[in-house]
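Below are two complexes that have chain A in common, paired first with chain B and then with chain C.
On to the complex of A and B.
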């Protein structure tokens, strides 16, 4: 609708040009040029409209998901109220639903995974961004890191179950914990591996974008490589590095399959890294197909809504922090 | 010129919209009926030759075999989606499928949300075995109902507990902790297992109850049969429960269960079938766990096919309803022969009779369909 004035302008132009054509040779060429530019303008605005429509569709889909989750979970909100968030018992038989253990489980595994992954992703980023940006070894490393993101998560789950869990079990036996192997630690390690590429790739790009005059100035003043990284590169790129971490965290929060296979799926509040637990995403994946009672189904959907909101809140906090970093 | 250019503009927009919606449409179609597109292109009546079903994943291997055989013999295609019992019931109630399949009979709440009477027709039986991992023990362990309940309640924590030793005399039980494994996903296997424990243990009944998912008092959850088997196989001292078919195919170690008559029964296809050979109620809805049959394995259960009693609803035609009933009739008679190879226990005669009577009671517009 907002294009009407534009259109009318163009038509007026078009009529004018037709009047002009009758005037003479040079005018004719001018009119032809004009005609072409009108067509370009139209193609231009059509393209713009397409862009707006596609953007709107994406927006509508996200809002639609949020609305669906809210509407479908009203039943459980009505029956359970705010106890849903703080309740510690999840009993589908008696229709008591408390999401607290899963909320803790989700945040615990995700943040632990983030902490485990930071040394690796930052080292890789600095190595590829600053020390060896080119060459066959860094190319291979770069591709391998990107491959990590491409492996389907169910494969991580299998690998975790058959390789990582026995290793963790031996470790648990040595430190005196109950040797089961499944649990928070195993799932955090799996998650840490899965999220390395996000922070690493973003960090590498950021580090390569540091203007070389800055680095050269530091070198000229006699700084060592480590000093350049510490006092020039890291401060310059910290908002980018943080954005990479945020991306990783988002991935970890929502990961379902691999976690479900190694976390032990127990509805208790995890006490330490060796304890078992459950995450919101795995509870939904586990119980959705057989949830026969309407309240049960609604409670699972509300769990989805909570997960959605947790992701949104963490993203918002993250954006704030990035902004503050960037302003410094 | 004005006209021409406007058309170009509209064409671009229309094109992009068509592209986007086309993609959405494709996705929607993909999850629906793969066979549907080629049957609609031919005569209208051929859609009556295609039946949609959804539900139990336990039934899926058997159904795949049965349906491909039936298609070869009768030219009726069945599109079965193995999405889980609960979801199958939902799909039946929302009229998106012609029949559902479930490892648990429909509960009163589901019956009331169905709007009309739904029949539960027994289609096959399965057993749930107690699998364990004790590498040094060659003998088959024996379990009594109370010991099994105590293990899964977390009351018995060590393998060399006197209660276990008392029923397994002569077996040198190791002094290692018991690691209980259970299903983390909602499943009919869990429903059969918890229904059994509720019957034999009051403590279980009051503390935990029966369901496809329950609040387990102890243990770790594995996703699917393979998840539970994974925990049991990898953890010395592990104990869990699996479908008989899965345990047989994966050569797992599993125990004998004491049944109501006091006999210790090895879970086999034969002992599962005998457990189902009891007096059945006319509506077919029965948990056969803790069976009265003296040679029956106590942790077993039926799986059911669910259909509406009155077939005239939505766009259902009589021809389609007839085709579907003939299919189900074939499944409970001739179709049973395909079960044994896949480790499903064939239906005992009592259950077939109940199924036949239920099928005869199905009507279209008030008139019975099968004679």
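On to the complex of A and C.
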């Protein structure tokens, strides 16, 4: 009982009490102490103010983004009006601006990519969440999926241009379409690869959150693995899985470089999966620096504004759903 | 007979196999990309690539030193702007959970996370390039900094949220002023999470091309002046890959390999940081 750990505390307390007794000091020392504590109080409030300012800066940046996009696209809103979104022709030389081809191109590539990626991302989610949550193989798979998200999009584009496009071209020659290779199909495949990680990791988290008593009850009634997945796990996680899909859709809509490099960049309304096209992001990337006419520039910015609003809304809905799901 | 136990077990096994096959198939694209970039990149990496600027079309050889230096400078300045700002904002959000400013600020971070990179490029063009009347590396840094902000804020906030309140209370009870309690106690405890978030944000923006298209713009010469247009690795890859010249394609392969190594290395460092000094409480 002699060497109790509190021993050290007691000596420290003793030292402290000595300090306290010596506080009386001379007038000079008193003034010095006062000055120091004032300085600390000032530093404290300055620190708090800095924190508030940084939080404000983030808010201001976002408001600034919205304001800038809106202000800079007023010209196009005024001169082109609502028919901008439904105009079928985009011809900058004759100053005809219709965004419909890009709307179709963006939605077409993104949804096709989503459909291609769904079987894969859900498989990864179920595999990592339910079948093999642990072990070297699932660790490797998890890291690989994360690396897929880490590769820069310009490298996807480069790879797509030199590897995927020839493959797609051969495929097109076989099925009797014009063998170009560039186009909706190539960009959707690249996009699908790029968005797998988002839906997969979100789905894995959701599947992990399924309470085990639910699953155990189903097993106890004699359900097979698949029946548990289909009638317990999927219904329980469906809103979460949907949110994961929304987030990856948001990624696909805003993705620029990879799509720009393989979609063919022709401002026409894509007719089928083999035709070339343009998305909102790719047309901005291609034509922004050459837009000399103010209306032309403003029209491109309005495209940016539409893109911004759509992705933000989709992301917000996705995050809301996840938050609600996580709180249940 | 459809509900026979053999049938059900068989069905379950079939689905298991399908899922294993589909999940394993996701490894293929990564392998294909790594393999192809390695194959093409290694054969074009040599000393010249690292020390020379690109030669004009028609001459073989040349290097990408301008892009390497440019990338480093642009990302460095972006990090200097975004990391302190993001960490401070993260501290604010974790310290003030329910103020009105925290609510809106958190919403702003959420919005910022989803903004397409090309839109950030437009914004940096109007905020920096247009007032200065010249494309500049600095405007590229601003664009990348805006992209880094949400990642840094989020990782800081998430890390600090894990720390127990008793830590801060103990520090304050000992008479430490608020700012020193944060700087000397809270930050060191969560430093691994903050650092890995910062590295992750660098890794995320190091490969970004779209925000640099109308800001840093690209430059065939070596420059260190951040008020002038500057080349960067992703921009060089984009411009040279879409050009019709074989020599330029070769430079782009070399550049892709370097960019890939850089980005993957940063990601691995992040992993090790989080695993080694995990915040434990």
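The rule we apply is simple: the second predicted complex is superposed on the first by the 252 of 328 C-alpha atoms of A that agree within 3 Å, B and C clash if a C-alpha of one lies under 4 Å from a C-alpha of the other, contacts with A are read in each partner's own complex, and residues count from 1 in each chain.
We adopt the following convention: contacts are C-beta pairs under 8 Å (C-beta built on N, C-alpha and C of every residue); 3 or more make two chains touch, one makes a residue touch a chain.
In this text the structure is predicted, and so the values were computed from the model without any measurement.
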* Taking the superposition as given, does A:161 touch the first partner, chain B, the second, chain C, both, or neither? -> both
* To do: Give one of first, second, both or neither to describe whether A:120 is in contact with chain B, with chain C, with both, or with none.
  => second
* Asked: Looking at chain A, which partner touches more of its residues: chain C or chain B?
  -> C
* Asked: Which partner does A:49 reach: the first (chain B), the second (chain C), both, or neither?
  -> first
* Asked: For A:70, is the partner it touches chain B (first), chain C (second), both, or none of the two (neither)?
  -> neither
* To do: Examine A:289 and indicate which partner it touches, taking first as chain B and second as chain C; both and neither are also allowed.
  => both
* To do: Quick one: classify A:79 as touching chain B (first), chain C (second), both or neither.
  => neither
* Structure fact -> In chain A, both chain B and chain C touch residues 43, 46-47, 50, 54, 57, 161-162, 261, 285, 288-289
* Asked: Which of the residues in chain B come into contact with chain A in the complex?
  -> 1-2, 5-6, 8-9, 12-13, 16-17, 20, 83-87, 89-90, 107, 109-110, 113, 177, 179, 184-188, 208-216, 219-223, 227, 230-231, 234-235
* Which of the residues in chain C come into contact with chain A in the complex? -> 8-9, 11-12, 15-16, 18-20, 22-27, 29-30, 32-33, 36-37, 85, 88-89, 91-93, 95, 101-102, 104-105, 108-123, 125-127, 146, 149, 153, 177-179, 182, 203-204, 206-210, 213-214, 217, 234, 237-238, 241-242, 249, 252, 256, 259-260, 263-264, 267, 271
* Contact set on chain A toward chain B in their complex -> 7, 10-11, 14, 35, 38-39, 42-43, 45-47, 49-50, 53-54, 57, 89-94, 161-162, 165-166, 169, 178, 180-182, 260-261, 264-267, 276, 278, 282, 285-294
* Asked: Considering the complex alone, what residue numbers of chain A touch chain C?
  -> 40-41, 43-44, 46-48, 50-52, 54-59, 61-65, 68-69, 72, 119-120, 123-124, 126-128, 131, 141, 143-148, 150-159, 161-163, 193, 196, 200, 224-227, 229, 250, 253-257, 261, 281, 284-285, 288-289, 301, 304, 307-308, 311-312, 314-316, 319
